[in-house]
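Here come two complexes built around chain A, the first alongside chain B, the second alongside chain C.
Moving on to the complex of A and B:
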């Protein structure tokens, strides 16, 4: 059985956790979920399945936005 | 003859004695000629030859000395000419070096100026780019601060749902 580490910026409600797990079962089948809270990601979610990390955090998106702005400036 | 020899002549002159003296003189002359004159003459001739040889040798030496002297003067003259020629050559070379150095220095100065201009333009470009990058950083920092302050739980949930839908629909 897979173990997924799910990181969010704030504590999720049980309903939300259930909703997330239901959606992820389509991809992973049955799995064990480990929830972590990390305020530094600002918002969004990071899912790590042991091999791949899916990073949907706002922190990463802001960093990408910054890089795009800087590239634009350099042009 | 007998009369002359035996009689006493006036003034006490004795003919016999005169004859004897003459014979003595003759014998003397013969003896001197044989014993003195010929060796002395031979000696003198030998000495004359020696002197002549020495004279000729001196003349030869003098001639050689004159030739050497001439040669020396010629060489001296040549040396003077050579010194003059070398001095002119050295002056010419020094002048050429000086001209080259001047033009080389001018070229280098121009290169330095061009390089300085390019570098200053690069620095200017980098500074402007740095400032723009800082502006972007500030904008992102402001956005981050706003997000931290104003994003609500519902908005966060929407973001989470959007991410999960994207990942699960990827295949």
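Moving on to the complex of A and C:
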């Protein structure tokens, strides 16, 4: 059985958690969920399923934006 | 090269990119921390991570993957472990650790990851190099033929070191091992040799003292200090010599001559033992892991003299190993002795009896030897080791104050003079020419009528006068050609004989 780590920047309400778990069940079947709160991701959600990290955090998106800006300026 | 950007350009770019930005989930392989204990992190997941790969646990925490197993990866943390908790996500970086290098590092003190430690602000690196770079191949190398002068008489005359050689400095604590290393660095002033001093697991106060001494002697201009002190995590101490070697290699492959000093490899071995035991690897003799030889052999193999096709640069290594109670047959000492091209053996007894540098010439050796000596020195170094060996044997009889035959008295007399001549103060390097003249005089036994303790004064004063007086031509000739012709030698000896007859009266 998989263990999924779900990281968000703020504590999720029980309704939200139920919502997410239902959606994930379609892909993973039954799984154990570990919730982590990490303010440094700034927003969004990161889901790790034991092998792959699905990173939808605001922090990573901002980092990508920054890389694009840097590339553009250096042209 | 820097280009100056004005702020309106930057703002424009940000607004443009933000307008067209599409939010995309970033999908990549990762791992999860199972346990974090004493700087060792066990990680599940992390498929396809490579041995020695750098992994990121959070913005500040990086670790190196060292134990690769099917279910779990063991990694060693490069920083303090209080930021890590089980469940943290670990991202592979796909790269091995690199360290910055370049001319801007000269005069700086850095840690093994390239961060400045001297409070002088950041520096711009001209290149980055893998910490674990492969050693030069057989075809890339040339013969070790050029001398690297330490400025220490006992070494340059009897245990000469060549550029590209590895010469071990070994002895008990407080016998002057670091002092020899520092003297060698100071002697490279004006000789176009870059120096790298590597401090592994030492007291911060000791490293501060070294930097202070080198600055005072004017040596920091061409020296880089790479340091991880005793309070740093073991993984960082373990990486230090490899990191420093990468910094040095950058200069070597650009055709420069580099000297690197590892102070000391005993502490390095202890740091690696710590990591191995925490990674639960099987322990062997003295609790060291099975590859304790390999960590030093692969390090020291990176020192070499390169062929002309590869730029002709060189990396000379002076590793330091500390023995306990003079035991050079212990595990780490025997390992490193078998790797290096010779050793300089320092003895506590000699040190305490006033013989400094406390080099035991009998047990010390340089396997490169005469190939790395100027012709001038080769000429005058003839029987000195033999004379000293005989002297040591005869010393026992001298204590009895018995009736000795003349031959024995001769040996004792000359030996005492030689021993006096080999004493040297710290930070007082002697040039090759001065050494050649001094040992020419000693070789011809011209000081028999003076008490042994006056040896140094007599010779030093003579050389001072000689340099400035009429025969300074010969002095310059020796310095430039590095040879001592019979004619010049005869002239010097004549002058000296005249000099001592004058001072006798």
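Details
Following the convention adopted for this analysis, the second predicted complex is superposed on the first by the 75 of 75 C-alpha atoms of A that agree within 3 Å, B and C clash if a C-alpha of one lies under 4 Å from a C-alpha of the other, contacts with A are read in each partner's own complex, and residues count from 1 in each chain.
Basically, a contact is a pair of C-beta atoms (placed from the backbone, for glycine too) under 8 Å apart; a residue touches a chain by one contact, two chains touch by 3 or more.
As the structure is a prediction and not an experimental result, all values here were calculated from the model.
When the shared chain is aligned, chain B comes close enough to touch A:26, but chain C does not.
Of the two partner chains placed by superposition, chain B and chain C are both touched by A:65.
Of the two partner chains, chain C is the only one that A:48 touches; chain B does not reach it. Judged by the touch definition given at the top, the superposed model places A:16 against chain B, while chain C stays out of reach. By the touch criterion stated above, A:73 is placed in contact with chain B and with chain C alike. Touch criterion met: A:56 reaches chain B and chain C at once.
In the overlay built on the shared chain, the residue A:7 is in contact with chain C alone; chain B does not reach it. Applying the stated touch rule to the two superposed structures, the overlap between the chain B and chain C interfaces on chain A comprises residues 54, 56, 65, 69, 73. For chain B in complex with chain A, the touching residues are 129, 132-133, 136-137, 139-140, 143-144, 147-148, 151, 153, 155-157, 159-168, 171. Residues of chain A touching chain C in their complex: 5, 7, 34, 36, 40, 46, 48, 50-56, 60-61, 64-65, 68-69, 72-73. Note for the complex: chain C touches chain A at residues 5, 9-10, 13-14, 16-18, 21, 23-30, 32, 44-45, 47, 58-59, 87, 89, 91. Residues 8-10, 16, 19-20, 23-24, 26-27, 42-45, 47, 54, 56, 58-59, 62-63, 65-66, 69-70, 73-74 of chain A are the ones that touch chain B when the two sit in their complex.
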